[in-house]
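These notes concern the structure reproduced below.
Note that the chains are named A, B, C and D in the order they appear, and that numbering of residues resets to 1 at the start of each chain.
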Amino acid sequence: MISIQKGEDLITITLQNILSYRKNDEDFINLVLNWNKKVLIELEGFYPVEVIFDHDEIRFKIKDFDKKINLKVKMGIYTFLDLAYGRLNPIKAVFKRKLKIKGLLKIGTLLKFMKIFLKTMKMVASDPNNNYYELNKETR
Amino acid sequence: MTETKDRDIYEKISKEDVLKKLTEIFEERNVTNKSGDLYPYSYDMTECEPHMPDFIVIPENALQLIELVKFCNSNLIPIVPFISGNNVGGLTIPENGGILVDFGKKMNKILHVDDNMMYALLEPGVTFGQLKKHLDENYPHLRYSYPFAPPYAGVVGNVLLSGMNNLSCKIGSMGDSINGLEVITADGEIVRIGSCFYGKDEAAPDSWWCRYPMPDLMGVFINWQGMTGLVTKCAVQLWPNPPIKKTYLAIVFGLTDVAPVMREVSRTDIIDDISAVSIEVVKMAVELPIPTKFSGEPDFASMFSISAKTKKQFKAKEEILFNEIENLNKQGKNVILVNADEFVKLFNLRVRCYLDLPSVVLPLVEYSGLTWFGSYAPSHKLEELIEKVNKLFNKHNITPFIYMKMMKSGHYAIFRPIMRYNKFKEGEEERYHMLLEEITDVCIDLGCIPYKTPAWMTEKMRKKINPGWINLFEKLKKFMDPNNIFNPGRWNT
Amino acid sequence: MLNIEFPDDLISLSLYNIFSSRKDERKFIKHAKDWNKKIMLHIEPFYPVTVIFNGSNIRFERKEYPEPDMKVKLHINTMLDIANDRLNPFFAIEEGKMEIEGLGEDSEKIMRFYNIFVVSMQMAAQEPNVNYYEINKNTR
Amino acid sequence: MTVIKQRNIFEKISKDNVYSKLLEIFGSDYVTNKDVDLYPYSQDMTENKPHMPDFIVIPESKEQLIELVKFCNEYSIPIVPYTTGNNVGGLTIPDYGGIVVDFGKKMNKILHIDDNMMYALLEPGVTFGQLKKHLDENFPTLRYSFPNAPPYSGVVGNALLSGMTNLGAKIGSMADSINGLEVITVDGNVARIGSCFYGNDKAEDDSWWCRYPMPDLLGLFVNFQGMTGLVTKCAVQLWPKEPIEKPQLVVFFGLTDLGPFLREVGRADIVNDVAAFSVEVAKMEVGIPEPVKYPEEPFYTAVMPMTAKTENQMNAKLEILKDIIEKLNKEGTDIHLIDYSEFAKIFGLKALNIYNLPSQILSLHEYSGLTWFGAYAPTHKFEELIEKTDALYRKHGVPPFNYLKIMKGGHYGIFRPIIRFKKFTDQDKIVRLLEEIADVCIDLGCIPYKTPSWLTAKLRKKINPGWISLFEKIKHCMDPNNIFNPGRWNT
C-alpha cells in the first residue's frame, strides 16, 4: 500500500491523480516500494514538480527542490497527452527530443520511471470514465 | 438585506377560511399549513432572509389555479410560484407569506415534442434531467441546452428568467427561445400567447412554434419573476443534435487575458458555448476546500464546445479555432489549447461535471450556502471587472470564483462571481454578504445588469435606472396585478 | 447588325442574354449572319430549346425541331464549367459531358458553333458585373 | 376592408389651434396642412383605403416629440409615425386623420456603431441603403442584414414589426435583434429600455448591447405598429462579415419540392437565408412584364446566401447541402443546385437584384399597386399552402408570386403570396383573391405580420379571448385616449 500526498496545484493534482490510479496494484507497489528516487517533471509552459519516491510514500514539491535529483524529465503538454493516449512512443519521443531527459545514462532509473509513470498514465487514459459516472450517477 | 414590508394579508379573510377554500380547490392531500412542511420553502441556498409561507398547495391543472387566482385576487392573498427552489436569488421566498404553489410535484409533464418545428411544450414543473432523458430516449436527433445547474432544476423557470445554457454562444439568452406561453392573469383569465394564440379554448399541439409576429404580449411575463401572472404552459425551442461534439479547454495565463480570448473566439461563430472559470474553481472540483492559486499556475480555464454534422465541417471549425488561438498567442497572449476530455481524464474526472450538463456541479452542492452576483455584462469591460472583483475576493480573503460566458456570437457577455459558504457557521453569512454587496456595487457601476435579482439588489438598481423605465414598470405591474398578489416583494413591489 | 428575338422562358432568356451582349460585334455577326441553321440545345436538368439562325435573325423555340442541323446536350453545371474555363469543351465532348450530334466533318460548322456558343458564353462569364451596377447605381 | 369608425378628432380643440401649436413646436418650415403635401401620406402601394392626415410634422428632436405627445394626449389628437411609407399593409395611413410624424427627413442619424458588441444605435429615419453604405465605408468587418425591400425603406420599422432579412435562416425574426429602445409614452415620459436603462437622462453609447435580463418592457413596443408609444431611438444587432461568399441557386421542378427542402436545409444550419420565389418572379426580374410559367420550367427557384470564414468551411457547408439534395431526390423530389453568381451572369445580371440587397426589385415597382399576405408559417404546412394558393391564383388568372423563407435554423417559416396590380383598374379582383388567400392561409395556421386592419379583423375572430382582452387592456393602459396610430388592429 503506497500513500500519495494530495496535490494542491494543477500539475501536482494531475500527477497525483495518475499515480493514485494503481496505488493498490501489486506490480505498482513492488516497483515503487523503497525505490527512493527524486524525479523532477516539467510540463513546458507550466512549472517543474519534484516527485519524491520515499519508501512507501510519494510526495511532491513545487519549490525549494532538492540538490540531488535522480532524473529530470521535460516535455510539452501535447507530448504529455500524446504519450498518455498512445499516439507517441516514449523512445521515439526521446530521440525526437520531444521528451527531454537529464540522466539518460542511468538507464535503469529511466526504464523504471517509465514503468511507474508512463505506463500508469496510459492506463488512466484508456480507462472508460466509469468512476466519474459512479460518482454522480444519481444525477444523470 | 431584503426588507420585508409588514403586511397583514388576512385582513379580508381568516386563515381558517383560506385553508377551507384551498382544501376545496386542491383536496386535503395537496394542501398543507404544517410548519414542518412549510419550513423547507421558507429559505433557499442564498443569504436572502427566510420567511415562512402560510400554505403550500400542489396543483395538477390550470382550472384549479384559475380558481385560486380569482380567490386570492379578491382576498389579497399573495401567490408565490415554486418549482424546485434552485434559483440563487431568494426568488421563491414568500416575503409576505401567503400561498406557495409547488408546480414541481404534479404539473411536471412534457406535453408535446414537435419533431419538425423543434420545440417542447412543457408544464412548469419539468426539470432539465427529465427533459434530457426524454429527448435522449425518444428524439435522439434533437437536443435542449443545459445551464450550470443540477438536473433537478426547472426548465421553464430558467427560460422565463433569461437564464443561459450550454448553447448560449450560438443562441444567446434563453429569453429568446420561448415560443409560447399559457398564463393565468390576475382576473383569473387564461391567456395563450405566441403562435398558439388561435383557437378559443385549446390550441393544437403543433401550433406552439413562434413568439412573433403579433403584438408581443410575451414580454409582460419574461423576467418578471412571477409578478404578472401564473405561467401554466411554456413552449421552448429545441435544436438538432449533431453527431460530432467535442470540447476544447483553453488554459489561459495572465489574469485578464481570458477576456480577449473569449471575445475573439466567440465572434468566429463556430462555438456552441464558451464559458470560463477561475483556476481555483477547477481545483475546487478536486475537493480542495480552500484552493489557492500558485505562481506559475494559469489564471483561467475556458471551455469551448464545438459540434458539427460532418467530419469535414468539424475539421473546418477546429482549424478556425486553432488559427484564432495562434493569432492570440502571436499577439502576446499565453494560451494553451487542449482537448478537454483527454486532459480532464489525466487531471481528475470530477471536473467532468462542468462538461456533462446538466450535472451536479460538485464544488457547489458540497456547501450548505451558495450565492452570487449573476449578470449580463458588456464584454469590453471584462478585464476591468475581473481585476476589480478579484481584488475584492482577496481583500476579504475568500477564494475567487468567477464564472463567465460569451453570448450570441459575442454580442454580450455573462459575468458571475460565485460564493460558496457554510450557512450554519457563525458570522459566515454576513462576511460573504459584505463581499457580495461590494462586488455588486463595482459591477453595476461598470454597467453589469444582474438577472434573477434578489430584492436587495433591485433596490440598488432602482437608484440607477432611468425614471421613465421605472414609471413604465410600476404602471404595468399595477395594471397587471392591482392587488399585488403575484410574488409580492420581487423588484421591491 | 443582327436582331435577336426577346424570348420569355428561362433558358432562351439565358441564350438571349449571352448573344445580345455581342450582337453588334463584327466577329459574332460574321459567324451568326446567314448561317441559316437550327441548333437544338438541351441544357439539363432543363428542357430543349432550338435556336434558329435565319439571315440576320436569331429566334428561339422551346421545342425539339424535326431534324435540326445540330443537337447539343449538356448539364447546366457542365455549361458553367466550360463558361468559366474550368473545363475544355473538347474534353467535355470526349468525357461525354457534352453530347453533340450532327457535327459531321464540316469544320466551318464546328468553328461557327464554337464561336457563337462557347465563346459567347465565356465572354459573358468573364465580364465584370459593371452593367448590373449601372442598372442599380441609384439604389445602392 | 378597413372599417373606419367615424371620430371627430377636433372636439376638444379647433384645428386652427392645433396648427398654431404645431408651428410653435416644430417651426413653420416643418409643419404643413396643405392638401398637396398631405396627399402622398394619405395612401400607400396597397389596396388599403386612403385617408388624409390633417398635418404633417417633421421632427428633429425628442424634446419636440415629448411636447407633441403631451399636447395630443390632452386633446386626443391621433399621432401616426412615418418613416418612408414602404410597408405593404397601410400601416401609416391615418385612418382617423390627425398628425403624421415624418421621421424620414431629419431624425435619420446613425448615432453609434459599437464595433465590439456589434450593434448600431439608430434614429427611426435611418434607411437600409444608408446603414449599408455607412458600414461598408467605416466598419467593413461588420454587416447588417437586409430585407427584400428597396434601399430607401426604414431599418427601425422593419425591426419593430418583426420583418425578416437575408440572415433569416440564421438569426430568425428581426425582433430578436433589437438591443434597446428609447420611447416616448403617452404621458410624455421618456423610457429607455434594455441594457441602456441605467443613467437618469442619458445612456452611454456603449450601453445598448442587450434586451435582457430585466423585466422585458420591450415587448410592449414590438409588433404594436406604433400603438403604444413613439420610438425615438433603436439599437439593432450587427454581425461579423465573413470573407467567403458563395450564393447558391436551387431549382425545383416539383410544385411542392420546396417544402421538404426548406425544412432540411433550415435544420442543417449552413445557409444565411433562403429566398424562394415562384419562377414567375425570377422571369419578372429579367424584365418579362407578364411572366407565365411554361410546363418545362421549374416551379420554384431559391437563392441562398452562403458565407464562411475559410474555404474549408465553405466546402464543408456545400458538401452538406449536396448531401441533402441527393437524399431528397432519392425520396422523389426533382431539385438541382447551381452556383448562383455564375448562373446569374449567363442568365442576366438583373437577377442579382434578388441577392445583392438592399436593391430595387425593379419590376415590382413598374406597377402602381402592390399587396401581399405576409405570414409566419408552420413549415409542415408548406406543401398544402403552396398547392392551395396556387389553385387560387389560377382560378383568378393571376400569375402566382409566392415568396417563402425558412427561419432561425428551421424553427419556423415564412409564406408570402405577393400580388402586383394596377390601381383603380384590377384592384377589386385582386382584393377578392387576397381575401381568399388570407382565409386559406390563416386556416392552415399562418400568422400574418405588418397586418392591415381588415386582416386583424379576421384574426380577432380566431384568437383566444384571453389574448384579446390582455391586448385590449395593455393598449388601454399604454394609450387611454387612443392617440397612437388609432385604427391599427382595429383599435
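Note that contacts are C-beta pairs under 8 Å (C-beta built on N, C-alpha and C of every residue); 3 or more make two chains touch, one makes a residue touch a chain.
Quantities reported herein were computed from a predicted structural model and do not represent experimental measurements.
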Graph separation of chain C and chain D (steps between touching chains): 1
Remotest chain, chain A as reference, centres from CA atoms: C
Between chain D and chain B, distance of the C-alpha-averaged centres to the nearest whole Å: 33
Centre-to-centre distance between chain C and chain B (centres being mean Cα positions), rounded to whole Å: 63
Chain A-chain B separation of Cα centroids, rounded to whole Å: 41
Touch-based graph of the chains, sorted into line, ring, star, complete or other: line
All touching chain pairs, where touch follows the definition stated at the start: A-B, B-D, C-D
Of chain C, residues touching chain D in the complex: 8-10, 13-14, 17-18, 45-47, 62, 76-77, 79-80, 83-84, 121, 124-125, 127, 129, 131-132, 135-136, 138-140
Residue ranges of chain B touching chain D (in the complex, touch as defined): 116-119, 161-162, 173, 175-176, 179, 185, 189-193, 195, 197-201, 203-204, 206-207, 209-220, 222-225, 227, 237, 239-240, 263, 267-270, 308-310, 312-313, 315-317, 319-320, 376, 378-380, 407-412, 444, 447, 449-452, 461, 464-469, 471-473, 475-476, 479, 491
Of all residues in chain A, those that touch chain B in their complex: 6-10, 13-14, 17-18, 45-47, 62, 77-78, 80-81, 84-85, 121, 124-125, 127, 129, 131-132, 135-136, 139-140
Contacting residues of chain B [partner chain A, same complex]: 129, 150-152, 253, 279, 282-283, 286, 288, 291-292, 294-298, 334, 336, 338-339, 342-343, 345-350, 352-353, 356, 358-360, 362
Chain D to chain C touching residues, read off their complex: 129, 132-133, 150-152, 251, 253, 279, 282-283, 286, 288, 291-292, 294, 296-298, 334, 336, 338-339, 342-343, 345-350, 352-353, 356, 358-360, 362
